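To start, the structure under review is shown below, and the notes come after it.
Labels run A, B, C and D following the written order; every chain starts at residue 1.
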Amino acid sequence: MNSQNQTNGQKPLLEGQNVSKYFGGLAALNGVDFALYRGEIAGLIGPNGSGKTTLFDCLSRVQDISEGHVFFKGVEITRKKPYQVAHMGLARTFQVIRVYRKLTVLENMLLSRQWRGESLFNQLRPSHPDTEERASQLIEFLLLDQLIDEHAGNLSGGQQRLLELGMALMPDPDLILLDEATSGINPTLIETIKDRIRQLNREQGKTFLLVEHNIQFIADMCTRVFVLNYGEKLAEGTPDEIVKNDAVIEAYFGA
Amino acid sequence: MNLSDLILQAVINGILIGGFYAVMMLGFSVIWGVMGVINLAHGEFLMVGAYLTWVLNRQYGIDPFIALIVVLPAMFLLGYIFQRILINRIIERPFLIALLVTYGLSVAMASTVKLIYKADPRVTDTALTGFWNLSDGVGIPATKFYILIAALIMMAGLYLFLQYTRLGKSIRAAAQNKEAARMVGIEIGQVYAITFAICIALTGAAGALISPTTSIFPFMGPVLTLKAFAITAMAGLGNIPGALMGGIILGLVENLIATLVPGVGSNLGITSSFILLVVVLVTRPQGLFGGLKPAEAR
Amino acid sequence: MKRGIKVFTIMALLALVFSLLPGQTLAQEVTCDSEVVVQADDWLSKIAEKFYGDVLAFPAIAQATNAVAADDESYTTIENVDLIEVGWKLCVPSTADAEAMLNRSIGAAMAEVEFDGIIRIGAAVSETGSLAQAGEDTREGYDLWVDFVNHEYGGIQVGDQRYGVEIIYYDDESDADTAANLVERLISEDQVQFMFGPYSSGLTMSTSAVAEQHNIIFIEGNGSSETLFERGFQNLFATLTPASFYTRSAMDLFAASGVQTVAIAYEDEPFSASVLAGTQIWAEELGMEVLAVETYPRGATVAEIDPIVTKLKALNADVFVGGGHLNDGIAFVRSAKSLEYCPQAMVLTAGPNFPEFAEELGADAENVLGPTQWEATMGWVGAYLGTPGEYDRRYQAMFNSVPTYQSAESTAVGLALHAAIEAAGSMETDAVRQALRDLDIVTFYGPINFDDTGKNVAKPMASGQIQDGVFTVVAPSDAAVADFKFEPLSWCDG
Amino acid sequence: MATLTLTWQRLHLGRWGLLFVVLLLVAVPLPQFFAPERNLVTDSLLFSLTQMFILITLASNWNLTGGLTGYVDFGHAVFFGVGAYGTGILMGQPGWEPWPEALTLWSFWPAMLVGGIVAAVFAVLLGSATLRLKGPYFSIAMLGTFVAMRELVRVVRPLTGGGLGMTLPPYLNRPLFYYLTLTLAGLVVALMWWIRRTEFGSTLIAIREDEVGAEMRGINTTLHKITAFWIAAFLSGLVGGIWAYQNAYIDPDVVFLPNRTVDMVMMTMLGGLGTVAGPVIGAATIYWLRDVVWSNLLLFHQIAEGILLIIIVLGAPEGIMGVLGDRSATSLPRLWRKWFPSTSSESEQPA
């Protein structure tokens, strides 16, 4: 379907123009251009330190973008605050798991609801039943319903990743950035995660951008793959194109 | 004595007191840098050092500067003991715990000293007095100059120690990265104890140095702790050149404002230094001069 | 490195041993006739009563207990004879021993002094905190008066009855909240009939308000800030000369010596502030010019004082007047010396009159002037405690330390109450208040005569100068014992 | 009975809530037993309780920023001070030309209220700068602000009377202050309890747990932090005003008392950081402890207090609530491990 998207010239959901990030002297990102279209599952790969997570941080505005522009739904978000970007419907997970360890699974989910247009005053009441409803549905959907009142800190790494995925889905975003969604997770769970992602993409047309070391995962899931190396975009294309690409092979295996 | 002379004198005072500030806060800053403990009992350790000096000075007529020979090791031991029985328990715990425990320690120490020596203010006598007149009335107070020298020597000593000795290196290693330090077989507990002991020795020495210039009394600690706090935050943790810079900056700011703004006396001196601190913190949380370790919340 | 630590350790231990030398007391040989364990609401005089039939013999018990406590852990050392705790084990010597200790015959004494009751007086003084040291002086002053009334004067005469006195102390920790609360407690729980003041104007501020509210007479000798008396309180009386008069006599001296200009710098807290406010007034009256008025914060160290001294040095006024308490007084002299600040004369509002001042500063203290409420050398001949000299001896015998004027004015507080009650012939607040208003007596401390606001307007404030290491009264002429030396400070060449 | 328990559960009060309500029921009629001659409830008792309520209020306020939001504020007393001086200046009559006549000789209630508002505004301005700092740096910055304010008050002599301080019309109606502070304490605790249950409360905890995460999940952390900050400041400002009026006299040293902040922290710690009941229990405990300690060991009480603090903090970092909370806290070996962690163990997680 994404092929059509590109052919009928639909505006990209997320677009980066010449995105660059410098730490002091060295460039973590150097003029990266990319476009992401509604309803696709794209992959972002590259050797360690190639700037994948930095790119995510820039997109979700945790880190300032030194140069270039980022557009989300046609709106420039280059200088927006993280929470504003989140309000616009961009959610992400983290390579280093970020859950509220001292809060229960349910509370974690409730806190990740859509906050757009909520005045502080409205928040001076307990969570809305609908929010709780949605939260418990998602928790079920992610097979965490036994742990719903468990402190997030007590969950296993894999369960925490699922919880993070849930927290990312909670505000019903249009685009979800998954950072190392499968690292340190046992294979069966990986399959679960795959199913969930596919299901969401199929049924709700959610767009995904995955950062992965696990090439197999990428190959299975993605229709398009970007390859970063030393902060520059090395290649872009379908998974099989990428695995055949010499530059990529060199970058990975230094052959 | 015209305005320029006045400013000159203020600058001299500022630099001299700055030297003292530097050596006074160095222990505080290194302890914070190496073991992440914010020692609110810092001023009290200084006070103990000062009282020890006073006893030596009054009972045995030992000059404060010579008393250092005794004060340093005595405070070293004191520091070592305190680290082993108390500070050990608060390392690597939320900083709030360290703050409260050391605060409790400060209260206990001050009141104990008050119990032994009463609350009367004391002062020591040194042979190194005088005033070297440069131009009409402007000059260098000798005692404070010698204090500055002593301070510089001690700081240089600590610097060399940290840079070149094996122990010093392992202390820096521990500050940079505990785990790695453990891996390469550094006995971290011992390193911490020695570090703390050295810092307290230094602090006690600072007490000895200040004793002839101002009155010492059991409750003199908190003000100094505050200043150590301020300078550390400005200078960066455990950064010796930074400490000197920070100390002198604070000294200059205090003196210039107090000397040049009419009517406000030295009230604004302190205020301004703290406003300066807040500004520095907000604009440059890692401190002005970097430091032993990246200044992140512990 | 390990050996290094060992060497350090040994030296360090030595040093620590040195540092712990002071504070040793010799225990004299005492045999306990019997021993008691303190019960709830016991106090020493009560126990004394029980064993000797003499309320006033309690010092013997305290002395004996302390003596044995020195080498027997099971006994408790009594820090403060007015405060003993349940469960303490006390040593009660035989009557003979007790008489030996008090060197007077007990029981016999009782024959003449049989109290018809005890007047309970409350006082919150600072045992700890920033004001601890002056607080101690205050308390010792009160204790001396209590000792005098109970053991010598034989109780306060009210009509045809004689009352002993007892002061209940609490520690206000130099903290206003605590002080106020303690006064509340003294008045409404311990049911004291009269209140004595704490040390410092700040604490007197909050405590006197409480007493006023309860309509309890509140006499104080250590809060001289003018603001105290501008609140229209009925029950507040102060024996000491108000702060604004502190430097009066010194200023007169300067005027006589042809001083033209004055520089002022003071610790920014109520007492010093009013002293220096007064100084400005006198300076103008006497036609002197005030070149600068500077302030420095409380608890100032060399860091805060150096800039001030530098500034004043530049202005180069004839004399310097300033200071606040003993701490910054000492710091100021040292700072002035180190920067060679040489006014023709230096007046420190508090400091020179403390023995510690000359003691600590040695030669540097020479020629420094300071106001004093009272000195042992003064010429007053008073009712009750006799001359200042006699008071001095009595005080030294009791506390083996030299009395400061804080102690003297505190004792005077007691005497004022004493005189007023006897004059009123009653202990009713209104009667006593009236008696206090009418009071016009001369004591060892000087004349006491309160105006409507409760200030003691009768007593002049003296000025003293450190001469040959001794604080010597040099003004006013009727109190002076030596001439004012208008000579340069020790670190200045004339 | 059954229905009652049901409604009870619906209130989500929990056992501490119950205790709180019971205490309130006891406290309210207390002054009615006021009978000095019978010495049942004396002025002194009322005054002590008043001070205790003040401490409870302050501790709870501190807990809002320090406990829930995780921003350890070592200068919170500055808002108390601003409130106190705000009230003092409005009630007094500073002889200073530029100061408008309209802003003098107010009566207590409006003065107190405005004092609180001033404190809140000050908090918003201050917070927008200092709340960017993390961990101890925030603490230092606030400590610095505290000291700076104290000295500034000295310097603005014509308005504040400088070191001379200023006197307020003395009005020592203990029952009044008792009820006033009781009400305030009650309100504050109720507010904390409510906030803790609301989304706002959870977002604060989220900020404490992981600020970046919270921000990225759509929470406007800055706004929430500052809100919590000024709410606490406002309440502390009110307390300051009350205190000033009750003490009838203010000067920089009695108002800007460093120990005041430390007390708040200490009490919250003892009770339990970030819990609603914690500050209340902590404040009450320490206040009465002090009462006992200071009246019995005159010379040693400060030493005792210092050591006590150390023991509390090392012994029970989660405070009384924590100890009551986890059952295993009573198992000795665990306590031993908790109290004497060997330095080489990574057991403790950072704040």
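We take it that a contact is a pair of C-beta atoms (placed from the backbone, for glycine too) under 8 Å apart; a residue touches a chain by one contact, two chains touch by 3 or more.
What you see is a predicted model; the values in this text were computed from it and never measured.
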### Query
Which one chain sits nearest the middle, judging by mean Cα positions?
D
### Task
Write down the chain pair with more C-beta contact pairs when A-D is set against B-D.
B-D
### Task
Mind checking the centre-to-centre distance between chain A and chain D? Centres are C-alpha means, answer in whole Å.
42
### Query
With chain centres defined as C-alpha means, what is the inter-centre distance between chain B and chain D in Å?
32
### Inter-centroid spacing, chain C versus chain B (mean Cα positions, whole Å)
35
### Task
With chain centres taken as the means of their Cα atoms, state the distance from chain A to chain B in Å.
49
### For chain B, residues that touch 2 or more chains besides their own
111, 264, 267, 270
### Task
Mark out which residues of chain D touch at least two other chains, giving numbers and ranges.
151, 154, 299, 302
### In the complex, chain D residues that touch chain C
36, 39, 42-45, 47-48, 51, 151, 154, 162-165, 167, 170, 172, 174, 247-249, 251-254, 257, 259, 294-296, 298-299, 301-302
### Query
Any idea which chain B residues touch chain D in the complex?
38, 86, 88-97, 99-101, 103-112, 115, 182, 188-189, 192, 222, 226, 229-230, 233, 264, 267-268, 270-271, 274-275, 277-278, 281-282, 285, 295-298
### Query
Quick one: in the complex, what on chain D touches chain A?
194-195, 197-200, 202-203, 205-206, 208-210, 212-221, 223-224, 227
### Task
Going by the contact rule at the top, pick out the chain C residues touching chain D in the complex.
79-80, 83, 85, 127-128, 169-171, 173, 175-178, 180-181, 184-185, 187-189, 191, 202, 205-206, 209-210, 212-214, 225, 227, 230-231, 267-270, 272-274, 295, 297-298
### Summary
Listed in rising order, the residues of chain C that touch chain B in the complex are 1, 5, 8-9, 11-16, 18-23, 128-130, 132-133, 136, 265, 268, 292-297, 299-308, 310-311, 313-314, 316, 326-331, 334-335, 337-340, 354, 356, 360-362
